[in-house]
Structures are given as structure tokens and as C-alpha cells.
Amino acid sequence: MLNRSRSDTEIVLAYIGGGSLNWAQVLMSDLIHDRTIAGEVRLFDIDNQAAQRNATIGNRMSEAAGLSIRYSAPTNIDDALIGADFVVVSILPGSFDDMAHDIDLPASMGILQSVGDTVGPGGYLRAMRAIPAMLAIGRAIGEFCPKAYVCNLTNPMSVLTGALYAAFPAIKAWGECHEVTKLRKIIAWLANRAEGTDRFGFHDVQTNVLGINHFTFVDRAFVGGRDWMPDYLAFAAEHRSKGWRPEPIDQTNEFARLYEDHNQVKFDLAARYGIAAAAGDRHLAEFVPQSWYLDRCTDWGFALTPVDWRRRDRIERQAAAERVQTANTAPTPRPPSEEALVAQIRALTRGDVLVVNANMPNTGHMEGLAPGTIVETNVLFSGHGIRPIRAGRLPAAVEALVRPHADRQNALLAAVISEDAAALEGLFLADPLVAPIGAERASELFRAMIAATAKQLPAGLADIAA
Amino acid sequence: MLNRSRSDTEIVLAYIGGGSLNWAQVLMSDLIHDRTIAGEVRLFDIDNQAAQRNATIGNRMSEAAGLSIRYSAPTNIDDALIGADFVVVSILPGSFDDMAHDIDLPASMGILQSVGDTVGPGGYLRAMRAIPAMLAIGRAIGEFCPKAYVCNLTNPMSVLTGALYAAFPAIKAWGECHEVTKLRKIIAWLANRAEGTDRFGFHDVQTNVLGINHFTFVDRAFVGGRDWMPDYLAFAAEHRSKGWRPEPIDQTNEFARLYEDHNQVKFDLAARYGIAAAAGDRHLAEFVPQSWYLDRCTDWGFALTPVDWRRRDRIERQAAAERVQTANTAPTPRPPSEEALVAQIRALTRGDVLVVNANMPNTGHMEGLAPGTIVETNVLFSGHGIRPIRAGRLPAAVEALVRPHADRQNALLAAVISEDAAALEGLFLADPLVAPIGAERASELFRAMIAATAKQLPAGLADIAA
Amino acid sequence: MLNRSRSDTEIVLAYIGGGSLNWAQVLMSDLIHDRTIAGEVRLFDIDNQAAQRNATIGNRMSEAAGLSIRYSAPTNIDDALIGADFVVVSILPGSFDDMAHDIDLPASMGILQSVGDTVGPGGYLRAMRAIPAMLAIGRAIGEFCPKAYVCNLTNPMSVLTGALYAAFPAIKAWGECHEVTKLRKIIAWLANRAEGTDRFGFHDVQTNVLGINHFTFVDRAFVGGRDWMPDYLAFAAEHRSKGWRPEPIDQTNEFARLYEDHNQVKFDLAARYGIAAAAGDRHLAEFVPQSWYLDRCTDWGFALTPVDWRRRDRIERQAAAERVQTANTAPTPRPPSEEALVAQIRALTRGDVLVVNANMPNTGHMEGLAPGTIVETNVLFSGHGIRPIRAGRLPAAVEALVRPHADRQNALLAAVISEDAAALEGLFLADPLVAPIGAERASELFRAMIAATAKQLPAGLADIAA
Amino acid sequence: MLNRSRSDTEIVLAYIGGGSLNWAQVLMSDLIHDRTIAGEVRLFDIDNQAAQRNATIGNRMSEAAGLSIRYSAPTNIDDALIGADFVVVSILPGSFDDMAHDIDLPASMGILQSVGDTVGPGGYLRAMRAIPAMLAIGRAIGEFCPKAYVCNLTNPMSVLTGALYAAFPAIKAWGECHEVTKLRKIIAWLANRAEGTDRFGFHDVQTNVLGINHFTFVDRAFVGGRDWMPDYLAFAAEHRSKGWRPEPIDQTNEFARLYEDHNQVKFDLAARYGIAAAAGDRHLAEFVPQSWYLDRCTDWGFALTPVDWRRRDRIERQAAAERVQTANTAPTPRPPSEEALVAQIRALTRGDVLVVNANMPNTGHMEGLAPGTIVETNVLFSGHGIRPIRAGRLPAAVEALVRPHADRQNALLAAVISEDAAALEGLFLADPLVAPIGAERASELFRAMIAATAKQLPAGLADIAA
């Protein structure tokens, strides 16, 4: 639509990884709530059966809501992409077995990881597996829908959004992540408390975001006519030693027990550095040496990644999806999510003015990080397209934590592209979770991890283990 | 207000040049229409009487409208600035006599200028006169209200906004100009025509702006769900040879006869370069060699600067203001202007999200121009403060016209600061209106112009004529 | 040799354009004088007969001198390049007819050119013709001898050296030009005069070079223990109005009459800008508006380009070469030239430390010009390879003259590569020799020049004239 | 001399720290050997008695050698600097007690340091102490001898050379260090061994140097007509596990036992990263996590810093100097040192062409590190002045080790200048020797170290401990 000569009311959206049991279903529900977007959604997945299932469910929901959104599940990616106005990329790089190795092998050398999908040894191997697939997707977009807006939802987000740009530099892509929402909610809570009201929601809080995905910071949080950052920093200092959350974790909910935190890492970093860290504690902890938080994660109020839980969760979700498919009724849409994707599509299509954080190549809008680095800052979504907004610069001491990760992510991507085994090993050694075990043991670990996931790697990289 | 620890409803605004007979009165009227902004407006002017007059008028208008805006006219700039939340700078560098020399001396060497306030010999000398004053204002802001938002309305805008940043690099300043509005109106007209409607106004047109003040370009114009740039370029090509305007110039109105154009230069540039030039023809013509447009300005449908008219106009305005003052009644506010200033203040104060073009130092958001150059691109005004938005890059052939001006403006500012007479003369010679007369005659002209305005220059610069 | 695993004493040099009647013969003579370089010289030329002739002459000279340099004339470029340690590129882009059009068509519009091979309309068209050939040579080097050192002797030097890097970014190429020698000789003359001696030659003068080819400047000239720049500037000011040369031009020598100058342009620029211009007056004059020097070139002591003379000269040289070939004797080598090439080869081969000006991509060593611009500054030739040396920055007023040319050269190269006709026409218009004739006439001229040389252009560019 | 209007044969050299018992005496001896440099050497020291002693000794040596070098010991720094052509800065930041704290306090937290003067907690505190003094020296140079060439010999070299530039940006300063000589000697040894000769000394080896002081790398080592880097890397791999040195360490020599190494760290890094590390092992080990080398330094063949030895050594040197002073005879000059300083002076004075590694602000010549970072690369010393030479870029994995140190050094300098206590603490935490002990303990350590050296710090920094 956007790229045709005349305005009309329909878009074509290609969803790569459209068999997803989570994100695709969030999108389908959010489109129901939005009601302004019409057109065609093509769900492509290497598991076509899963995509078909989602298409069936989607079409039923769309019909039930009286909307003209049509879902299909093409069997090859070219058919999905050709002429698309929007592309969503949400793939799973490797299997749960691979993810288990990402965690277990480092653990056997004493390296703890709470998520293992961004940095640290787990994030590193995950990137090595996913980059080749992402490069292929980027090239296909360049060929079949070069003017499409492309939203990447896949982790490790920085490296993989970078891969899209490396494959097709003129791509109009951004990486989308909701972690900053967590901080915006706390700020809204503080503003409400001060006013004795509940009028502010996280959408009302204008945060200036700086950093890289999952290691983002906020230096300004404006709501109700003023900046609440000083209040937040005071609050963080007050609750630094025990943490805080608006309501206690529901201990009967396994997901909550495993995935929620009480902001103690967030507060500790804020108190130490004078700026708010924005992501969840499980992510933040992985960017600094293990001795800071991970070594005593229970004391800091968060849990380590349970690959096992993900396996069970997936089985449950799959069974649920199959039940819905069989039932031959339209499922009730989920409540509106907190994801920004549908609002972004609307802004790009209709000219709404939306300012929200997203991951894009640094064009200088984030001072202190290298040009081209995938940075997470505010981006303007509107009739102007997607345009990064000047973010400024992190305080020196925080930049000293962030920049080395960002530089290694850039170098990792380049090294996978050039299949530079020596660089890949050397960069792995320099990660702050890896470096302390010593260069020699880190080299061993790297080769063991490569060997464990060799099937998922291109030959040139799998050879490293040999 | 913005910089205090707690939100409240009042702002303090210092207006430097507050005796102005035009801009200050526009602001006073626009504040009446806005009705959301309260507080104190301090009108400072070296002509305190004029400022007093404006304050009197403003207070009457404010009271009549039932608003709590209070106007005062402090006699020194420090009192005006101390603790200000906003500063507006709108000064007149030199007298009308100086402006007459800016035009007449070059004319005596065959150099024609349609405005003479931005580039060309006139803009150059005007900059030399105004920079020292602007540096002083910038330093005072750094001392008395370092966190204030500062809006510069003074021409030559690029150089003078640069002077504010040179004097106080942490300043939060932008240069404000309405020229791009002209293009947005044409786009709205095109969209309305296509739809057979009149629903679009210039505010609905989202233009992506690139360039430097008065030599700005637009590569995307989104309204009603799509980009109208291809339509505009076709329209420009169609009307390139004769020009076009929605309604004829009112020939009984001297201002209109002298200041309006029929977009022929704008269309010629668009047809030639495949991108829309945004400013008025009188401005655009001065950035290219005289042989392109100025030599035959009548054929191109615009007039040369009439300093004489400005003199008469000023006398009329002053008389009018005096009548209002004497009348002891509150004048009717002017209709809402098309200026963005009040909307900008509101966005910064209340967190509205406003995207509009403004002049700020290049932080990399305008590719192809040097860092620090004062560029005109879209800027986000909101609770985030003032933040430039990624604009992209001009086509190569347009950049080849724009960049030399931008570089010379940067160098001119630096040369005035360091009182580098040799650089000042050399840079003058390289302006495209000056260069063709030959280096030797250009040197003569430069010295003559310096001599004519020597009283307005610091000793170190006035000496050049010696 | 340099790229083999073990040192030995022989090099392989490929000379593209090896049928040359001038440069190739200079090289052959200089190798005789050097006596340290041995190996194989492969003369490739699209005129294989001319290359064969040079090979025959070269082998005779080499044998007569008792040297083991072997000349051959391979019939295809791949055979010439494969395994080469050094490549010299000296080609003639287009015919003398093309060169005549480069001069005559602009002249018919009133544009004068003294050389027409660098900037101005002539240099521009010459670049358009030569870039495609140069790109092909660069790609072939990347394939057949990627580690070779590559010396480009072809004009327009900046653009064409840039083309080599565009085709093969890892190339180790520099552009070689002797114009700066002219200034070094004057400095040596000044130092000798001051000392009452003749001990200094141009090799003893250490000049710091800044700029782009044929528009280079020198801000320091060290010899005999001190910097002579202040003396030079005083001398230039003294002789600005009438020029000066150490001995009068030999009026009986047509070449001298046509190609020599008396430094008046050089002195005028030096006096005006406080820095020494380094190239010959005929080159310098083309970089500034015609009204500065070209309009009255006789008064300024230099002549316009005589294509006709070049035709006659070529016929004479060719006849001479044929006579030598027929004579079956070894010709006497020419006296050692002032060219740096052989010394550069020796430095790279043996580790001599040689600092001399050359044209290479700006890596930041020339402040104020864009990264990647082919700049002319000092370069270190040694066992370290070819490495640019920090040059510093031009004075602002000179940068204002140089930078626009440099930016247009970069943009011209990019536009030829992408076959962007609109950019090519727009950039042509902005040249200071072209701009004053008006945009419309300049467009006409551009199309006429394209038409005249269309056979020499790739189809995508030749179409512009259609 | 260099800055006077006419060449003459004498220089004025100001030596800040001229009471030195080591470096000043090296210089005095090297000047004897050189015999081409004449003039005045002003030894300034806060211990004027020590400077007087050196002046006395220097004058005797100069006279005995028949040279016209005159030594004096002015009592204030302004008198030393005024009109100087050269300045040498070699000061001791703090006392041996301070240095002991630099080592002992971290050791009490388990942090080992082999030198403690560059990075790690020791280098950090040393920088904090020295920067204010260095800024004062830089400002004085700007005032009293702005055109002087300035050689800094003081550690931590990167930060302190940066301080000179921060204080006076137009300074012509470089930091001088001999560590790379160690690698050049090994290369010469390899080349000699291959040829069965001893003709190559380290001066014959042309190394391309990249990195920051004490963490420098070499990617090319040219001698005898070819690059020996592949041979070196093979040799390093061969001797990686046990180390190697041309001759065994003299175990009877305490200095040798404490300060010498057998290149095992150097070889391990070379084998791991495919590029030669250039500095001594004791320095290299401090730039990577302790688990790599420092934890088992005996196994790796090097010793930890013995402050105690330095105390004893100083006492011995002082006694020796006093004996010489008393003896009233001219001491025999030391043999020519391997320091480059005198050759640098000669090159700058006479126009010799010298290429040698030195520490200067990055002007883009070292890709991958921030502009302005003090980098160690080759620099041209000649009649052109001091000019960095394009070095290129480190391999990605090595850059990942180097860049974070370089960035922290830049940030440390800025934080001391702005007295930003929060930044100073945060940056301290991120050093790879500090980070693994945990943020909380690292903060404690920082405060303890500040407290211990508080007397040597400006009040604004000493307060951090409060």
C-alpha cells in the first residue's frame, strides 16, 4: 500500500516465523482490537503446518470480528514476501536442545546465565546460528519487497537486526522489544502515587532511551508536565538493598516465579550510575561480570533460565493451539498487548505520530557508539517513515560497560559474514562472562559449544570445532 | 517551570528584542489563542521604550482575555534572563542604513540580491555585525538560565544559531523559520484537488526537510495516507516555465507585490534536481549564481529587496503601536499565526508530541553536511526536549550547491570569533554571488562594505577596511 | 617479489598503457640510472604494436647497460597483471578528437580552459570517459595481483585513482604527479640565494602538501634547518603583479611557450591566501572562476591548451620511436627524470624511507575533506608499504575553494558507477567554470559534450544526450 | 631555534623533572654521543638540588667532550620554559609510598599487578594524581613556549600525553616509550638467524605499530627486503608453552630477575591472535583479566612489581650521583642508549627523516579507536615536524581488548578535568583487573585508594573518599 502509486486501505504483511505460538497470536489479537488495518497477512514458517494452523485461527477471528484481514500460509518465503508492505521476522534460531547447550556447557565451566539469548556464551552461539538465516531473509527482502517496512522480533536482537542491514543496506528495518515498558510502568506508578491518582499509564511516560537492546538506559522520564528521573533515582536508592515491586510475585505461577524480578538489579545500577537501567533484571545481570549479580542471583531476586520450562510451555501452547484449530470456532482474542507493532504499522500507514524506542543502526543519533551499531533509542514512526531521534550520550561509566558489548556485536556479525574463525574465537574470549575463566579454558568452551551446535552452523563455522 | 523540582503551570519567557513591532506582537496574539500557557513574559530591548509599549499592550490583551500572562520590560538583559524557562531571540543586526549598504554596494559592482539577509555579500556582512551580539547573548544565557529552551528568530539564522552554540555549547537552542510552510501549503492544495476536498491544511502535511535555512529541500510529503512527492514533481515540471500560485498576487498590495512569488524558481529547481526546494523564490535565488535567476528576476516572477519599503513599513507599524498604546484599550489579537513557536512551547511544557522543521547543529542527522553545521531538518519537540530527527541526505547535485554555503557559514562564524581578517576576506570571495566578479574587485567590495558598517563591528573586524 | 615468501632480487612490473611515447620511456631510462632494480617489465597496451616497440627499445637499453631487466608486450591485460608486484597505469582516455571537443564546445559557450584534463567541463567529460576503463583495470588487479602496488599516472588523477579504489577497495594504489616539484624548486632557489650557494636541489626541500591533485597547497617548506614559507610568501607578494621565473621562457621552444608560466597565478594565490599554491599556473587557473585568471590569461602569463600541438607532438614522438626501433641500436637513456616512481619502487622493495606527495584516499590525514576523497598529501614509501602521513588542514578560505571540487569529484565517480544521469548533469552545472553561464545553457552544453563523445561512453551514460 | 626567523645551530631544551636520576642522565650521555646538537638545557625539578646536581654533572661532561651544551637548573618552571624549542617532561607522580599503596591495597582484595603504572587500579590512581600536574605543565607550555616540541616520558603515558593536549590543544607533543624495541630485537634476531649473519640490529627493522602505550601490536616487520611477520608468528607458536629469550636471564642481577621476561605472554598472545604484541610481558599481562597470566605469573616467567626494589635502587642511584658530583670530575658518558629522543630532536632540527613509534592523539591514523585517543603508532619526525603515519586497524578480537582500555583512559582524563566523582568511580569498576571482584568491593577499594593518596589529589577528587 505504502509503496503503491495511490493510497488505498489495505496492506500486505508477511510474517516470517508465522507458525509461532506466541508472537503471531499476539499480532492477530492486536489487529482485532485496532480495527483500522485491513489486508492480507501471509504466515510463512518452515513448519508450514503450524503456519496453516495460525492462518485458520486468524481467519476465524477476523471473520468473527467482521474485519477484512485475510490470513494465508504460503509454502515458500518468496511467495510470502513478494510485494509485501510490511515484514515481521520472528524466528527461533536452533532447537531447545541448542538452547540447553548454550546454558549447560558454560555452566559446566562455572559460567551462569539467566537468559542466555543476548550476550554471554549463550547469546554468542545463538547469534552464530541465526545470522546466516537472517542474512538470507534480508537478501530475499531486498529482492522481493525492497521498500517494505521490516520489524525484527528475533533475539539476539542487535546482532540480527544488524544482519538484515548487512544483507540489504537499504532495508527499512527496526528491532522491536518491550523491555523498556517495565521502567515506564514504574515511572507511571511514581507519578500516580505523587498525585494520589491513577491517571498515568506507561504510554503517558516519555522516556529518552539510550543503549543497546536489553542493556538500555533512560535519562529522562517526562509525564504530567515534568521529568521524574530525580524521583526515580531517589526511589531506586531507597529500595536498592531489598528491591521493590508494586505487588508481590504470584508464587503459584511458575512463569512469574521464573521470569519476574523485584527490580533490585535495576535499582542497584541506577543508584550506582545515576541513570535508570530499563530492561528486566535477568537481562541486565548478563552484561556485567558474574560476580556482580549472577553469582548470587537468589539474593538479587531473580532466577536463572529454565530451558526445561520453555519445553513444557511450548508443548502446552501447541496443544492449546491444536484444540482451538479442531474446535472450529473463533477463539476470543487476547486482551490488547503492550507491544508497539500494530501502533507502528498504523503510524506508517496513516501518518500517526508515534515516538517509541526501537533498534536501528546508529546514524550518529547515539553519541559514543560506533556508526552502524544497532542501538536502541527512540524512533519516530509516522508518515515520514522510520527515523531515529537524537538520543544523546550515556554517562562515561555506563558507556564503558555498554560500548564493548556493542563493538563485539558488530565484530561478531562481521566475523560470521567473513567466516573468520580466529576473530570469532577471540571475540568470544572477551565477553565479560567468559573472560574471567581464562583464555585457555574459554577457548575450550568455545570449541565445545561449536561442536554441540555444529549441525546448525554453516560448514565454514562448524569447522572451528575440528 | 520545566527546570524546577515540581510541576506547576507557569513559565518564564524572556524575549530578547522584545520591542519588536512584528514578531513580539505575533507571539502575544498566539498566546491569547493558545490559552494553555501562563506565566511571565519579559520583553527586553535596547530600545526600552518600545519594549515598554509592547508590555503595556500585552498586559491589556492578556487581561482582556482573562489570562494570567504578565508582561514586563526589564532594562537589562540579565534581569530578563535570570531563571527563564524560555528565551526568544529576535534582534535587528544593524540599522536600515546598514541594510541599504548591504544591497547597494554590491549592486554598484553588478551583484543583485533579492533579500540580502542570508548569503551573498549582504548576508555575509549582516552576519559579521550580528555574531558578536549573539555570542554575548549566548554567554548570558549560559550564565543566567543555562537550562532554558532558546528560540532564535534572527537572520542570518544558520550563522546566528551557530553563534549561540559557539558561545554556550550546552545551550538548548533552535532557529525557527516558517519558509517550509509555503511548500506544505502547495502539497495540501494538491491533495485537496485530487480528492475534490478541502480537508487538508499545511499542518496535515508531513514533510521531510533537509538543508540549511532558506535553502531547504523536501524529499517526502505525506498526507492522507501517502507520499505526494511524485505528484509535486510532476506539477512542478508542468508549471516550470510560467510559474503558478493558487490565487493571483494582489497587485494593490505593495507588500504582496514585493514579497510574493509564483513558485517559478521553486519549480525550476524541483524539475531540474528531482527534489522539492522549500523556501520562497526570493531566498532560493540567492544561493546560486546570479545568471540562473537574479539576472532576470522579473521573468522569474520575483522582486529585489526594497530597503525603502522596510523603512516605510516600520514607520507605519510604529505609529500603529503608538496609537494602540495611547488608546488605552486592549487591541484585538491578530488571527492565529502560522508560526510554530507557541506550539513548540506547549510541547516542551506539557509533553505534546510535535514534529516540525527547525535549525539545529548537525549531530549526524543530516548526512553529507559537516558535524556542527546548523542544519534545517525536522526536530521533535516534546517532553523529551528538543531532539533532531534523522533526515537522510540530499541528492548529490543538490548537496553540491548546499554544502559550500554551509561550510562557508561555519567558517565565517569561526573567523569572526577568532577575528581572522584573512579568512573573512577569502571566504567572502568564494560566495557564488561574489566569485564571478573576480578576486580583485571582490576584495575591493569587501573592504568597502566593511568601511560602510564599521561602527557596527568590533574593532578587530572594522580594521579590515583600514 | 614483495609478496613472495622469501626475499629475492627481482620484481615483476606490469605497465598498463605501455605503448606510451613518453612516460614508459621515462621509466625505462630511470631504471637504467637506478641500477638496483631487476626483473620483468610487461608493457600492455591496446596498441600492442606500440608496446612491442617500447619492449624492443627497452630490452636493447637494458642489455646495453648490462642490466637484467626484461621487457615483454603481452597481448592481454590478464597476462600482464598475473603475479605482478607493481602495476603502473598510464592510459589515454579517448582520442585527441575527444580532447578537442572537451575544449571547443565549452569555448563556444564562452568557457575557457587552459588544460581541460582535471576540472571544468573538459576534465569532467574526460573523467566520464575514463572511469569505466579504470574500474575494469581495478577489478582485474583485484583478481590477478591483489597485493601489487599500483601507481596511477592518468588524469584526471583524483577521480581515476578513486575509481581504482572503488573497484577494489583493498588495492594498494597511489596517484603520482610531479606538479609540486615546481614549488620545491623555487624554495630551493630562495634558500640557495640566501646562502649564496647552489647546494640545495628540490629533493632537499621538505614540503608539507595539502589539497587535491593540481590544486595542492604547501604550508611548510623546510630546508637547511628551517622553514622557508615566510620567505616564500614575501617573495610571492613582491612578484605578484608581474610574475617571476629564474630564467626567461625560451621563446623559440613551442612547448615552453605553450606550457610554461611565470608563476604569477601561484604568487597571486599565495599573496591572497597566505599559503603557497603548488601546481603550475595553467592548472591552478581552472579551479577558480574564469574572471579571476582565465579571462585574461595572457596578462597572467600562461596559454590555453593547444590540442593541435599535442597532435603534432605525438606524430613527432612516434616517428622518433620508429626510427629508434628500426635503427637496431640501443638508444641513449634520457637523463634521470624528476619523477618519483623509481625511487618509490626502490623504497617499497628495499625498505628505503621516502616521503613524497602522492594521491590516496583520505583516511583522516587531510582534515576538512571527506573521508575517502582522493587527496594529495605526503605519503611514506618504505618497508611499511604506502602510508599517508598526517597533513593537517587548509586555511578556511582555501578549503572553501578546494572542498567543493573534491566533493564533486567524489560524487561524479559515484554517479558514473550508478549511471545516475540526473546527478551527472547536476554536478556538471556546479563547476565554477560552468555555473556562471546559467543552468539552462549549462545543461545544453552538457548534452552537447555527451553527444560528441558518446562512442567513448557506456550506453547508460551516452543516453544522457538522447 | 626552530621557531626563530633564521636557522642557527643552537637549541633550547627545557627538561621538566630534570633532577631525574635516570632519564636525564641518559639524555646527557646521548647528547655527548650525538655531537650535532648544541645549545642550552634547562633542568627544572621541584627538587632543585637534584636538578643542580645534574646540571653540574652535565656541564662537566659537555666540557670534557668539547661540546657547547650548557646546563642550568632554574628554580621556577616559567624560566625553564620561556622560549624553549624543546620540552621534555619526565615527572614522578606521587611518592614511592603512593606507589606502594597502588599495589598493596588492590593486593589486599586479591588483585595482582606486575607494574601498576598504566592500567589496573594502580595505573588509575597514578593517573588521577598526575593529571592535574600535567595539565598545569601543558598550560605553561601554551603560555611560555607554544611552538616548542614536547616529549612526554611520564607514565601512565596515554593519559598524561592526553592531559597535555587537553590543556593546550595546539601543543606539538608526543609520548615516547621504548617497549616496542623489544619486539624489533627479536625480529632482527630471526632475520640474522635465517641469513646466518648478525648484520641486522633493531634499527633496521621497520615495524608497523598499532595500539595504545604498553598494549601495542605489530602487524608488519620489514627488514632485509621482506616482511618477517609470518616467521615471527610461527616462532611464537613454537615457543608459546615455555617462552624463549636469546640468552638466559642473569639470575645474579636483581634488576634482571625482577624486570625481564622470556616472552611467553608475548608469544601466547601472538599465537592466539595472529599479530605480534610488542611490549614486555609484565605490561601486557595487566591489560587482560588476571586469570589469563597474572594469577600464575611465575609459570609465565615474569615477576610482580617490587616497589621495595625501586626504593633501594633510587637510594643507590642518588648516592652514585652525589659521589660523581663530589668527585669534581666529568663522569664517563653511558654507552649510547636505545632511546629515540636525541634522534627525534636531530630530525626536527636538521630535517633528518625518522620514522619511529610514538604516542599522539588519533587523527584517524589508527582506525577503530576514537578520535583524540592517544594512540601509539609510527610517527614521522623530520623537517615536516611530528606527523602521525597511517597505521591501519587491529584485528577485531584484539581491538576488543584494546578499545575499552583506550576509551576508559579518555573518560578518566575527562572526569579528572571535570572532577566528576561518579564517573571516576564507575570507570574504575570497569577495569578488567577490577571488575571481577564485584562492584561493591571495587567501590570500597576505590575509596580506600583515594583515601591513601588524598594528599596528592586536588580537593575535588580527594573528597571522593569522604
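To keep things simple, chains are lettered A, B, C and D as they appear, and every chain counts its residues starting from 1.
Here is the rule we go by: contacts are C-beta pairs under 8 Å (C-beta built on N, C-alpha and C of every residue); 3 or more make two chains touch, one makes a residue touch a chain.
Keep in mind it's a predicted model, so treat the numbers as computed, not measured.
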{"item": "Per Cα centroids, the chain farthest from chain A", "value": "C"}
{"item": "Mean-CA-position distance for chain C and chain B (Å)", "value": "46"}
{"item": "Inter-chain centre distance, chain A versus chain C - centres from mean C-alpha coordinates, in Å", "value": "54"}
{"item": "Residues of chain D whose C-beta touches two or more other chains", "value": "none"}
{"item": "Chain contact graph, described as a line, ring, star, complete graph or other shape", "value": "ring"}
{"item": "Full enumeration of touching chain pairs", "value": "A-B, A-D, B-C, C-D"}
{"item": "Interfacial residue positions of chain A with respect to chain B in the complex", "value": "1-2, 5-7, 204, 206, 208, 220, 222-227, 230, 349-351, 353, 355, 363-365, 367, 371, 378, 380, 382-385, 387-391"}
{"item": "Contact set on chain A toward chain D in their complex", "value": "268, 272-274, 288-289, 291-292, 395-401, 403-404, 407-408, 411, 414-415, 420, 422-423, 425-427, 429-430, 432, 435-439, 443"}
